[in-house]
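In the two complexes below, subunit A is the common chain; its partner is subunit B in one and subunit C in the other.
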Partner chain A sequence: MLQIVALSLFVAGTSTLIGAVLGVPLGTMIALRRFRGRNFVRTLAFTFYGFPPVLAGLLVYLVLSHSGPLGFLGWLYTPLGMILAQAVLVVPIVAGVTISAVQVVERRLHETALTLGADERQWRSTAVHEARLGVLTAIMVGFGRAISEVGAVLIVGGNIAGQTRVLTTAIVLDTSEANYLEATVLGIILFVIAFIVFAALQRLQSEGVV
Partner chain B sequence: MASGDITRSPPPFPRFALQWRVAFALAAVLIVAGLAFSVQSQTASSILLATTTSTRDTGLLDFLDPLFQADTGIQVQYVAVGTGQALDMAARGDADVAMVHAPSLELTFMARGEGLCRSSLMYNRFLIVGPASDPAGIRGLTNATDAFRRIWQTNSTFLSRGDNSGTNVKELAIWALVGHIPSTTNDSWYLETGQGMGATLTVASEKGAYTLSDDGTFYALESSLSLQILVAGDPFLFNQYHIIVVNPVQHPNVRANASLEYAHWLVSSRGQALIAGYEVAGHRLFTPNYNPNDPGVC
Partner chain C sequence: MTVPLALAGVQKSFAGKAVLKDLDLRVEAGEIFGVVGPSGAGKTTVLRVLDLLEAPDGGQVLFEDRALVPDSREALAQRRRMCLIAQNPAVFRASVFDNVAYGLRLRGVPPELVRGRVFSALEFVGLLDRADEVAARLSGGEQQRVAFARATVLRPDVLLLDEFTSNLDPANVRLLESATRRYRLESGCTVVIVTHNLFQAKRLADRVGLLLDGKFLEVAPTHGFFENPSRPETQAFLSGEMAY
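Take a look at the complex of A and B:
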């Protein structure tokens, strides 16, 4: 049980961090840079909000399978594969919410910053800084997606006991075996974890640490 | 843009940037830890078994595998899916060994050279289960084909796995004998769950529908279901399980030696005796029937 909880946090936490590290700069760039096809890229990022986790799982499965292009890595049915699949889901979400947050700031502050003599690079970091609450929200949404997702980790992880079984896949299994009590307990644990994580992040927000 | 003449620097990023660096470092540490964990779990002597939901849902694997590990030091990790998908995992080289129950699919798999060897392991029986009210009136029939024909003729709700599992393959074989292969588009009484045996039984119980189940999964779940055994004992409902080791010539990455050890252990007198002694709720679920004279045994 403890191992399942730890693995859930590890997989969702790591994929969220990857999502943040890639998604925040990506979202900032899309929001602030002018380039051809920018609107298309933005629409695409928002479309990925609704990207089905099972489809991400299937694609990552095909890529990581021993008959697939990255099969030599041996990541299929390991936590690494699960992290990769979830990162595929989380990056666009973090990028998408970051775009929205940064754009709001842009409208308010761009001229002010330029008037104060900021160059492009300084302006970009100022914009992210001013949009930090929104960026943190982006990361929280990404984590919420990762910790609650079942389709991708089930396909790529295989729900192997002690190796790749996380809270959501354990709930699926317990339900199919009619262990409704265990399934419900796991569901409550999942909810409590999400609550604790979000409460901590919100505290960061409200105390102005971030 | 002039950049040298800024007198008022933007709000304090240093702290912000530091937090990003911390987050990045944390991510790196987690990824390295994950790598270490993953590499360690692979180098530790373990094999990956692709198997069917029935061997998991009955608890058989969780009973046998720790004993195998105690005997040999080899850990068995398993992914439980339908037989069709399990054989596909094996054919992709994603599993080292398969424990499955659809002889027709298995023979195709072996004919393609994907398997190194295949041994008969054990059998259990399929049951036709349904609601106590038995609207099709099949209770007590001894012929599965007759029972299915009555379900069809009375348009009684029937739940198919619909997932190319061993049970699904057997079910379709019975419909072929009936002479009417139902489809979800033309037969409104015929539904597919696309899920494992346990989930399908639960849905059948809720909907008051008939379904075909292996006896092991049914006994394991019986107490939580409002379903009864209506037809059993037809020799056609015999459900044979085989253990297949994936061919390392086709898939050099598979751990064939450890897998062979697993196959040999399962068919050894110890393995077969453990299978024979395994009970759930007072029912013996599997009958071992390894035959060393079968062609191509492990």
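Take a look at the complex of A and C:
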């Protein structure tokens, strides 16, 4: 069981990290830059909030399968493939919430930064810093999506015991085999993990660390 | 004589409405120039064009007799020699210290120098003991003093003040006016101040210009402007007879 918990944290944590590294700059750029098709890109990012995990899993499965473009990597039925599948789900969420957070940073602050000598790159960095609570929320929401997700990791990981079985896929398996007690215990563990992570982040917020 | 700031034939429109109409202005080095005029005359737009926050539709912004192109590299370098303090300053979600240190950090000033300069700037506006407080929790007057310290810590050659004391109590007005005078005296910087408060223009400015309908109608040394205006419009404005 410890191995399942550790793998769940590793897969969800890594995909959230990827989501933050790609999603925060992407969301910031969409929020602050004026470019052709900006509204379309923004709508697309928000649409991906509701992207079905099984569809993401299917797409990543096709890409990683033997005949797929990334089949040579041999990531199918491995944690790396699962991370990729979850990252596909997490990046748009982090980007979307970041867009909302950065957009509400006051226009007056933009002008204040400019008049104090900021160039556009420095302003973008300031805007993210100003919106840091919202950006942290974006990352938290991304982690919530990743740790609780089941469809994509089931398709891409295959739920192989000792290799790709995570908390959510183990719950699905136990439920299908009528091991309700074990499934419930795993469910409680999943809930507790999410609670600890969110409580820690909330504490950082309330202490003014972010 | 060096002319640090000038506008030559500047035009600016918003939504088809002309706000500045072939406006000319020369601000001499080291002077405090007051801009007065009725609401909607374009006073704030003059400052925003000078600070390169607004690109003029026509005409030129000249800094030390060199025409500036907004959004160019040179414009950024020149903007870093100016600072605009707005009527309602926006403060960053950070401490008073970090707010004042912001511009220095942008310029890559080493941390050991930042500390001393920030404390000195805070002392200048009487906020030395508030350095660690969250800037957004200060009163409006104190936030304006933070904005003043945040600007002057950068030692700008040009200070642009936009109704910078209009919402403040008399004590804060006196403090900031005194700080402006002291800063000009110590740094020799040029100051352009937009104000509705004619008494403030009288107290601070060396010269005053009446902006009316997008143009300077009369520009004169402060004493002459108030005591012996040459234009009937200026007389009407000063006596409060001008309806706007």
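Rule of thumb we're sticking to: the second predicted complex is superposed on the first by the 207 of 210 C-alpha atoms of A that agree within 3 Å, B and C clash if a C-alpha of one lies under 4 Å from a C-alpha of the other, contacts with A are read in each partner's own complex, and residues count from 1 in each chain.
Keep in mind that, in the parts below, a contact is a pair of C-beta atoms (placed from the backbone, for glycine too) under 8 Å apart; a residue touches a chain by one contact, two chains touch by 3 or more.
Since this is a predicted model, take the numbers as computed values, not measurements.
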Which superposed partner A:R108 touches (first subunit B, second subunit C, both, neither): second
Which superposed partner A:E130 touches (first subunit B, second subunit C, both, neither): both
Which superposed partner A:Q122 touches (first subunit B, second subunit C, both, neither): both
Subunit B versus subunit C as contact partner of A:F51, first or second or both or neither: neither
Which superposed partner A:L17 touches (first subunit B, second subunit C, both, neither): first
Which of subunit B and subunit C A:G71 touches, first, second, both or neither: first
Subunit B versus subunit C as contact partner of A:S176, first or second or both or neither: first
Comparing the two partners subunit B and subunit C, which touches a greater set of residues in subunit A: B
Common interface positions of subunit A, toward subunit B and toward subunit C: 113, 116-119, 122, 126, 129-130, 132
Residues of subunit A touching subunit C in the complex: 106, 108-109, 111-119, 122, 126, 129-130, 132
Subunit B-facing residues of subunit A, complex: 10, 13-14, 17-18, 20-21, 65-68, 71, 74-80, 83, 113, 116-123, 125-126, 128-130, 132, 158-163, 175-178, 180, 210
Parts of subunit C lying in touch with subunit A, wherever the complex brings them together: 51, 53, 76, 79-80, 82-84, 86, 88-90, 92-93, 102-103, 106-107, 150-151, 154
In the complex, subunit B residues that touch subunit A: 1-3, 5-11, 13, 16-17, 19, 23-24, 26-27, 30-31, 33-35, 37-38, 41-42, 48, 53, 57, 62, 77-80, 92-94, 195-196, 198-199, 202, 220-221, 224-225, 251, 253
